[in-house]
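The letters A, B, C and D name the chains in turn, as written, and every chain counts its residues from 1.
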Amino acid sequence: MKKVITKISLRITILAIVILAGSFLGFKLVKKPLTSEEYPKTDQRISDKYSQGSLEESSNREGITKDTKPMPLYGNWQTFTKKNGLPADKAYCVRIDGDRVLVGTSAGLAVYENDKWRTYTVEDGLAHPGVLSIDVSELTGDVWIGTLGGLNRWSAGRFETFNQFNSGLANDVIYTVICDGKDVWVATGGGAGSYDTYTGQWGIYTERNAPMHEPWTYGVCAGGGKIFIAAWGGGVIEYTTKTQLFRDYIDPDGEMEIDLFTDDGVIHDITTGVTYADDILWVATYFGLSRYDGTRWKGYLDHDTGLISNFINFLKANGPVVWLCTDMGLCSFDGETWVTYQKKENSMEGKILITNGDDTKEIASSTSIAHEFVIGVDTQDDVIWISTSKGVSRGELLK
Amino acid sequence: MKKYLILIFIAGILIILVLARKPALNWSRQHVNYITAVEDHPLNCLSCHLYIQKEGIVAKLINADYLSPFNMAVSPDGSRLFVVAQEGNKLLVINTQTNKVIDKIDVGENPHSVIINNDGNTAFVSNQWADNIFEIDLSLLKIVDTIKTGSGPAGLALGADEKFLYVADSYSSEVSVIDLQTKTEIKRLMAGNNPVGTDISPAGNLLYITSRRTLPMPYGTPPMTELTVINTTTQRVKERKIFDNAYIMENVAFTPSGDMAIATLIRPKNLIPAIQIERGWMMTHGIGIIEPGDNGRIIQLLTDDPNSYYSDPFDIVITPDGEKAFVSHSGVDYITVIDLKAIRALLAESTPEMLDTYSNHLGISSRYVLKRIPTGANPKGLALSPEGEYLYVAERLEDRIAVISTEKMETINTIDLKGPSRITVARKGRRLLNNAGYTFHNQYACYTCHPDSHEDGLVYNMAGKDMGRNLANVQTLRDIGDIPPYKWNGKNSSIYKQDGMRFSTILTRTESFAFDELDALVAYIVTGIKNPPNLRYNPAGKLTAAQERGKKVFYRTHTNCGKEIPVKDRCFTCHPPPYFTNMLMVDVGTLSETDDYMLLDAPQLNNIYESAPYLHDGRAATLEELWTTYNDEDKHGVGNDMMKDQLNDLVEYLRSLRDAKYYIEDPEIYQASTHLKND
Amino acid sequence: MKPRFLVLTILAFIFLFPATDLIGQDKKQDKKLNYGNTIDVQVPYGRFQKADKNFFDDLQPFTGAGREKVPPTDLTEVRIGLLGPLEGSVLSPQGIQMLQGATLAMEEANEKGGYRGIPYKIFPHNDVGLWGAAANEVVKMNDEKVWAFIGTIDDINTHVALRVALKLELPMVNTGDPDPTLTETRIPWMIRCIADDRQSSYALVNYIYHVKKHSRIAVLRANNRYGRVGIMEFRDAALRYGYPLVLEIRYNDGETSFTTQIERMIKSSPDAVVLWGNAKETALILLQLRKMGMKQPVYGCDRLMSPVFLEIAGEEAEGVITTCQYNPTLDMPNLVAFNKNYEKRFGYEPDVFAAHAYDGMNIIIDAIDLAGLNRALMRDVMTDLKTLQGYQGITGEIIFDASWNDIGVIWMTEVRNGKFEFFPPPPFEQENLTGSIAAKKP
Amino acid sequence: MNSNRTIILLKVLLVIGLSGTFLISCKNEPMNGMFVFTRVPIDNFAIHEKEITHKYPGAQIVTINPDNPDKSEIILTTDFYSACSPRISYDAKHLLFLAQQNKNDSWQVWEMDLRKRTSMKITDFEESCSGPAYLPGNRLVFSRQIPDSGIGSDMALFTMNLDGSNVSQITFHPLFDYCSTILRDGRILFLTKQLYPVSDDMMYLAMRPNGTKAELFFKGTDGYFLNNQAYETMDGFVYFIEWEQGKYNNGDIVSVHQNRPLFTKVNYTSEIGGGFHSVFPIQSGDMIVSYHPSETDPIALYRFSVKEKSLGESIFSYSDYHILEPVLVEAYTRPRNLPDEVNHKESTGLLFSQDINITATQHDTNLLFLSKATKIEVLGIDKSLGIVPVEEDGSIYLKIIADTPIRLRTIDENGKTVSGPSAWIWLRPNERRGCVGCHEDHELSPENRVPLSVKKPPVCIPAELSEISKKGN
């Protein structure tokens, strides 16, 4: 084996020298595999690929409107970081709650209200400073907070902590929490869990009682009388509330390193998030996006669609539009049109890429999202908030 | 000849009786000495054995069905007084002109509160042990609707426009919001722990709800009790007012101007070594004042005097002129009249630091207490006539309503509710249990730490031998007649002993009960205390799927790996039905460094869901913690092999456990355990 | 000779990266091994269908923030976490070895002055606990401000830890879990410096079916994730060679009598038996199956290669063949020194977990030396497939693929005279190659 | 015939005599409703400044029927040279009093059977006793001179059974203690006066009959002196006489309420001239008092209306005797019989203070400069018993040798006194006693929190104690 390697190195060295000149020819033609240190500056990569345009132009463009409802465009980004009062730059999640915005950071829960940030930490009753997920109960207004160290109910100032020791919570690392009527669902490091706020009863869903290989869950969403669980390594688990029955959706090819057919089922068994709206289930993975309309699956990969990156941290659907938090920017998609928000390198300016089929247009934007590594998103009315690797941003619908 | 034989026979019997008298007396003396742990308790079989009969003809004969008036409401025109008879399960209607009961309406089990709408044509009664509300048409005096609520509906409030009814669900610690158009519960909001009392602000936009038990607090930290503020416009919780170091907040009332709301409360001293009673060292009682508004203060003031305590404040009403507040002290049979002008003046002149000191000050009450009005036994609910000239007081253990002139501050009349005219031994015992007169300076009653004869959720530093040692989690009094021994260390083999001389030396610190009093107290404790139905987790005896699975875990004999669990380490060995205790002493590895070595009495598990925190020193905040945190060595049952979902099932099963009578009636449970034992 | 080429190679990569990477890829495709060193015949669906997407053709970048973070200046120690089965587990002996291997590396680094004079310190965490404890332990490590961590052996715990590492953006080096799916999660925060069960299975399958020409194999495996995932690769590889398993049955950890399972095996009349589980149980199985008359050759996973196995199985162990992720008997100076120092320090011989943990710790230390105290930059050097590619560890040369899995050398052992004798696996036989590579080409 | 007559007469006489005897013996409370008081010869009467005990040579205990005072006077103590301090038992059948049989005898406590009018000596000490009072449970409390321990003579309180057995000293401080009454809550109210190191004003302390939990009940304004006798009414008022310094013939009737004795003083006679010397509330609501309009008048027995704050009719008077210490023979509710935690097998008691930095003056801004105390010193009569550092939260937890007077002093970091030394206190064996702070507001209850000090074993005072107990083991 050592010999082999040595040979390979030798060959590569020789080859490299031989093809040095020719290399630059290929540079602009092929989408190249990336390395971390020199991952392409997205501007370059995309600007070469797409044509240019202006924002004003694009918002009136026919190309991005659908027959029924035009794909919304957001802009006027305003960014908040530690300098503006956030407790940390790394913001895992964001949730709009009426007049206030709740942001989960690596150093506590930040609440933006009346143009001011206020931070809640462990001293205030937060289970752990790392806040990964937030949801608000529509019924009661209670805020449910998933942290790296347990689940909080934050109700009118009172923090209540649930963890795997003092309650029926499966595990203390809460990747996702959602409210579904009186029920609260969590995706944790030790299985999915449900909590009935009326009876106080906890449910745990693991490989022991649900069709999962292992109890690792990453995302959960509710919709259509069902609960969908993104089971890491187990695809998507569907739970029908009424019948209390489970079924699973996994990648039919059974292999981790490939996707045999894009549309044969969920793209990959390592799922990172699920969201449901307008009778559509969207599934995020680090390997692409999947859409399920109840009968058939459709997969989207970055090499042949407008999806900017296969690496999707989180997603959230709002009506027909799904918002995708990728490592290359914020992406929205309604089944036809892709709109991607990116940041220009070393600049406060941003850009928007709009892809319809093979047609892609880039629009410059005077403002941009805080960072292209987007981790969380929430929209409400004409406002969008995103949380990123370095700060949170607020955008407005462009009319 | 025959006669002769009979004579001989009778004579023989007499001789035997005479001969046997001495040994019989000796035996009785020893028996009574053993049970009572004193040597001078009178030898009277009946005084003990007759009155502890729970069932049968004798029990029927010696006991009586009392009404026990609890909460009240006055009709908007003042002509009718509606009284909830808690034990009688009735709503009594009283004509306030004649002061006579004119009607009795049967309501649900253990009714708690009644509220009348503005038109005076509808009453709502909360049935605490039926988890519903009765809507009563007052023109027909008939129940016209039943509305489902959360568990243990207690205090009631109508929204300003009377479209919504708010219910404090005392057992599930929620507030049910009921749409009165559809007569359905539309949602539940999280309230404090064990919410009971309600009042709506004069403007109608804020609903205040008191709670009795402390919020779950980290071990060894002071209790904190919540007063929940609900915005009736958004129907969401607006704020949670936290009362530090207070609990048992039974009721709250707004002043007519809305400048204050005042709640009753108790300030316990559970964290301080229980080494004396002098100077409010165990319990103090008072009021909590809330100034509404965003920066409103929360103030606590005592209604006690340095050498006299006014224990167990229950209800509070404020006169329409906003000048006087009346507080019923159910532990001492007094109404305290509070001068609200003096309160306002005190609040106006005091800095936060001063108020902080006042909250522990026993002398400050003389600034605002106008008068103490004596009442009959156990005054609970209060109601004012619409103009505020009369105060009605529900004398619960007197089956009577007192009518007090608010101006003269004297009782001017009483209304006999026509309950049983005699006072049974158990009733006498109940009065004793509720009365603080048997504690030095009336500082607390049995009831204070055992509200509703249950437990108060606190852990006390009883300072057994040393001051910082042997903390004790208060245990319920329910069913205890059947499951000796007593105290966590099981040192007392009978209730007589438990409540005897030592009890007075270390707990009440005044003269111990007289023998007849002790007999009465025991009679009540043994016969008169019921478990509320477990409607929340096991309403009809049919276990949920999770509870069924949990039951299997409870009765299991093998671990998940198939290893046999030693008999002593199985749940049901120490906790067998019907009381889920084998009444034996055991070490389950839960003693802490601050405990002297002792074995612990296996506690009963009926209605265990109501008894957080757990373990002898209350270290476990939840049932889960018993096994996740305090059972490292598998001494409290083998459990470390359990998966989390199994533990959840076990907890669900434990929550399903209800009154022992169901397990006595249902032999299937026994079979289950014996069957499994043979596995 | 070797280092020179290595340096040259790296230099070439650095200078000519875009060209080599882009053009070279196309050109190299014919020669380059498939993902996971998979020979063409073993490529999933390779004979029938080209996959829409081969995920590990590309390297997943990390585009998040963090590289700009300035290292703290007030450190008194450089903390490295270690997650392992340290107490209360059947794997604890291995966990302790792992901790000791890492400790030795740390102590050696500290002797050389640590990181710019600041000593390294290991913060060990036990991964054995209540439900998903590994996740909570990684959170605790992060709260302790470790710069990276090593962990762990149990594959469930490793997976759980990995997901937390991603959220926390905490570099993770796995030195003991051969679960192939671990690196297939595409989390750009973990590398693995131990060969996985895919490599072991390929070697074993090749040896069993092609060298030893067995065709009927019965498998008895542990009823846990380790057994399930390990055998999954073995089963797939055997099948792709055209040999479905004749029997796959399970036993539970802690079982001591395997009569039922062995009876079923006898009924299936296999040519040979493969055991996949921990040393204790597999040794007992071996004893019992020999006692029950099974004379067939026995093969096993790397966990059989343990003194415990020899001790329990005694003479019956003779002839048992296993894989091993390294060869402790090689005469490499660093390995010899390690073996000597380890025994001196801890009083007994290191095992495979100690050796890989030693390498893993050294990789972390090298990454810190190269990148400084910045998690993202440390991650960059660990995952760029250049800086540390071909790392010369005591376990051999470490080659990472695009999923940061170690596809380096695998070894085989046979018990001879009560000792494990090591030998390199025979070269794979390529059957029916035609068309498979072509099919993969875009 | 004669003999018959005689026999009949004898029989009749016998019947009458027997019925008389029977009737007399059947009368349970022969003296019910009678007034009993001490008659003191004017010449032997003097009020000494700062005098607590009142023993009047030549005095006698007298009873009168209030309905017919002049004709019903009976001297009950004719067998004694002097007698005073009458106290009626709860059932009104017995009378405790203080007497000397002969002129030079010491004063001892006697009990009289009011029915039989016979007296029995209860105490029999060389030293004089004084201030007896009935305790529940067939015991009594009294003061007795104790041997001079080098700081001057003082009087301590003792309890004993009514049959003279089981004597127990219950106060242990260098003060002059004199029992006043038994409060309805079962505690002893006693008058006390510090003698050492400096003489101090008199005050009332309340204490459990086993000598535990002694605490300040009432302290008059500076310069006022208090009378040895006090009585509590059923509604909780405690009445006694208070004198202004230097005006010992001008005593006033005052009351405090048991619920809040420190701040409820009411003076009923500030508008009335003359002097009050004794007060006894009767259950009907009024009082009988000893009063004289001027210094030159003999002190006489009067009625007094509390409601009207006015002097009523004069009931009885002498020209050559003062009438003092009146009581009414009337049964009254027995005070609570308090349980006893004292364990004589122990030699120590435990003292706990929640925060030694809490003082009554903490809100006084002028005193804010007071430094924070970090240590506390326990002082004995003539030496320091030890200095103990306090916990972070200000709490201390001490195991102190029992039945020994101590004072406490708080000290700051620099060794300077922050406050103290305190008043003398003592602990009974096995007594466990708590205080909120040092010199704190007497009406302050403790803040509910876990004190740090009790998480550890108590600090032994004096330090040798731990060694002693170790040796003992």
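The rule we apply is simple: a contact is a pair of C-beta atoms (placed from the backbone, for glycine too) under 8 Å apart; a residue touches a chain by one contact, two chains touch by 3 or more.
Values in this document were obtained by computation on a predicted structure and should not be read as measured data.
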Graph distance between subunit A and subunit D, where chains that touch are linked: 2
Connectivity without subunit B (remaining chains kept where they are): A, C | D
Longest centre-to-centre distance from subunit D, chain (CA-based): C
Chain with minimal offset from the mean of all protein Cα atoms: B
Dominant chain pairing [most C-beta pairs in contact]: A-C
Distance from subunit C to subunit B - Cα centre to Cα centre, in angstrom: 62
Chain centre separation (subunit A, subunit C; CA means) in Å: 31
Separation of subunit C from subunit D, taking each centre as the mean of its C-alpha atoms, in whole Å: 88
Centre distance in Å when subunit B and subunit D are each reduced to the mean of their C-alpha atoms: 41
Residue numbers of subunit B (touch at least two other chains): 628, 643-644
Per-residue overlap in subunit C, given as positions that touch at least 2 other chains: 130-131
Full enumeration of touching chain pairs: A-B, A-C, B-C, B-D
Residues of subunit C defined as touching subunit B within the complex: 130-131, 252, 254
Of subunit A, residues touching subunit C in the complex: 1-2, 5-6, 9-13, 15-17, 19-20, 22-24, 26-27, 30, 32-39, 89-90, 92, 106, 128, 130, 132, 148-149, 164-165, 170-173, 175, 188-191, 214-216, 218, 232-233, 253-262, 268, 270, 286-288, 299, 301, 303, 310-311, 327-328, 371-373, 388-390
Subunit C - residues contacting subunit A, complex: 1-2, 5-6, 8-9, 12-13, 15-25, 27-28, 31, 35-36, 44-45, 49, 51-66, 130-132, 134-136, 139, 142, 156, 159-160, 163-164, 167-169, 180-181, 184-188, 225, 379-380, 383-386, 390, 396-397, 399, 402-403, 408-409, 424
Residues on subunit A engaged by subunit B in the complex (per definition of touch): 139-142, 153, 155-158, 160, 164-168, 170-171, 182, 190-191, 197-204, 206, 208-209
Residue ranges of subunit B touching subunit C (in the complex, touch as defined): 561, 628, 643-644
